[in-house]
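Here is the structure we will look at, set down as structure tokens.
Letters A, B, C and D mark the chains in the order given here, with residues in each chain numbered from 1 onward.
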Amino acid sequence: RYGYFGRVTPEVVQLMFCNVSGCLTEGRIFLSVSGEDMVSVNTRDAMGIRMLKGEEVEVVLLTSREDPVTKSLAEKLAKRMGCEVMEVGEEPLNDLKLVVEKKKLEWKDVAYMGNDKPDVKCLNLAGLSAVPGDAPTVAINAAKYTCHKVGGLGAVREFAEHILLQKQKAKAQMKQDRIDNSSF
Amino acid sequence: RYGYFGRVTPEVVQLMFCNVSGCLTEGRIFLSVSGEDMVSVNTRDAMGIRMLKGEEVEVVLLTSREDPVTKSLAEKLAKRMGCEVMEVGEEPLNDLKLVVEKKKLEWKDVAYMGNDKPDVKCLNLAGLSAVPGDAPTVAINAAKYTCHKVGGLGAVREFAEHILLQKQKAKAQMKQDRIDNSSF
Amino acid sequence: RYGYFGRVTPEVVQLMFCNVSGCLTEGRIFLSVSGEDMVSVNTRDAMGIRMLKGEEVEVVLLTSREDPVTKSLAEKLAKRMGCEVMEVGEEPLNDLKLVVEKKKLEWKDVAYMGNDKPDVKCLNLAGLSAVPGDAPTVAINAAKYTCHKVGGLGAVREFAEHILLQKQKAKAQMKQDRIDNSSF
Amino acid sequence: RYGYFGRVTPEVVQLMFCNVSGCLTEGRIFLSVSGEDMVSVNTRDAMGIRMLKGEEVEVVLLTSREDPVTKSLAEKLAKRMGCEVMEVGEEPLNDLKLVVEKKKLEWKDVAYMGNDKPDVKCLNLAGLSAVPGDAPTVAINAAKYTCHKVGGLGAVREFAEHILLQKQKAKAQMKQDRIDNSSF
């Protein structure tokens, strides 16, 4: 439809998966003997998520079955961020490919933010992918974009702005393509 | 009165608005499952606010209707910092212009500290304006001064010192103007 | 068995001791008047410990008799990290040499992570040893490896990766030695 | 007694005053709506204080009458650090000169660690004085030593090591002086 290369909306991300632990939080967990565990999130990241939703990018937060803290905090986070939260297993790809299929999307329409070994496959597959600046090397090597900001202190916001910029560029390109096509 | 340019007290700020979230705090919110949300503030910033009040600059802290945490903490913060706290909407300018008019001030007599997109208009309007060093680009571009310190760790103090220095300079200039005028 | 130098598995670490305070945590303790003390740990460090256990390196966390906070949190940490926790005195070596002997290991098969004066002897003895990047000079001088990451924010993970890399290298070397031997 | 210059133990500090807020803590206060305020201290700083006491330097922690949080935490901190805690007013010098006189010391035998405007006079007077690396300019200018570490994350430890090094040097000098004297 948009030119004879059959390209459909290059990098016009419509869905973003974001690991909670280490991306939305710092990866830090505050522990006291009898008290509840505590994590910290950032208002600038929350604003980034709101910006994505404003441009029709759906955001799904991921928590891990291995990581009991974030699991119990998931509902509270979901409410604060206004996102759906999904629990994934040791290999997130197994859970997420069902979601991507169900939504009739392809992986190139998906953005993924992770920060460690289990995220590697998804970081490789997604059209746009990022890790916080303080992620381990194994994750940095798999991601298409490494944030300057670290987890829990603006990395999600930075990636959100990156996604929106790519989306803008892709749209401008698509428009240009249509003009080029119609001028023949 | 002070010279034929009709200048009235250039940059002698009499009122400062300061966004709580991301300026006075780090923008971080600590969350636990059932517990109350927690934020952190800095004693050096508190000292900065005290220094401003000592030089007759009124300080008004701003919280956002969008940001439920800081709202519930507002009263506690107000008491600790010895400031008034005001709740603003998505576009703070709408709320603040009423205050500025009521106090019979002009925007050039106002200092504004913000840290994100909603603050852009106010950052542009205010006589002196600043963002913490870790603010998003959109806010940095609108502010007249970018602090070296980050939010919650001294940015407010740094801006307070900047305001007082400008005030001092402006006063010295006014004095000089009067001397120049009287020597004719 | 592996060549006439009698070398047995060079730097193939089988046991790692890791100081909790300042290595697994930042060394920070959060205090409130009547409340419980709180510390923070990092999910990436937890992943590092899991990686070590996956390669058959046993991990033992050390808490100090001098440091009452971490002691009371030890059990909770042990459970979260899936490690044994051991309490040591002012000179950890006295307690640890018994463990090393009992497990029929030599100190060159042991990795040690510490961060201050009391750790110096163990840092010197262990086959592989490390300190977080923010450790005091006295500890840095004794350690064989200084992490780029600081305590509580990835230092344990970094050392875990260092250990696993050394182990891989040592195994490759051993294999090579066997080939060399058999070719005579 | 030690040479005809009448010098008595140059820089052999016997007493150290240390501001709690901003030196022993980061200056950060964690606030929740109904909960208690919380601060964080560092185990490496606690070790620094223990090192000073081991070399017969008495350590007195200072809290401010202006700063209600630290006041209520003072007793808990005192116990943890094994130090006396003293409350001082807006000008700490007024309170401290009485202590120095009572102990029959001179200000050159005193070390002082502060981090803001009210500490300036004491920083100027004390034989050895320091501020954390993140202190405001007004305090940095008054201090004889600026730590590389910031408040709450090792600044007290760094200053403790600086004091002990000066003490060692001074003792070596005194010994040398005695040898020089006796060789005439």
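Following the convention adopted for this analysis, contacts are C-beta pairs under 8 Å (C-beta built on N, C-alpha and C of every residue); 3 or more make two chains touch, one makes a residue touch a chain.
Just so it is clear, the structure is predicted and the values come from calculations on it, not from any experiment.
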item: Given subunit A and subunit C, the chains that contact each of them; value: none
item: Far-end chain from subunit D, centres as C-alpha averages; value: A
item: CA centroid of subunit A to CA centroid of subunit B, Å; value: 34
item: Between subunit D and subunit A, distance of the C-alpha-averaged centres to the nearest whole Å; value: 48
item: Multi-partner residues of subunit C (at least 2 other chains); value: 30, 35, 38
item: Chains that touch, pairwise; value: A-B, A-C, B-D, C-D
item: Subunit C contact footprint on subunit D (complex, rising order); value: 30, 35-44, 47, 51, 72-73, 76-77, 80, 152-154, 157, 161
item: For the subunit B and subunit A complex, residues of the former touching the latter; value: 21-22, 26-35, 38, 67, 115-117, 134, 136-137
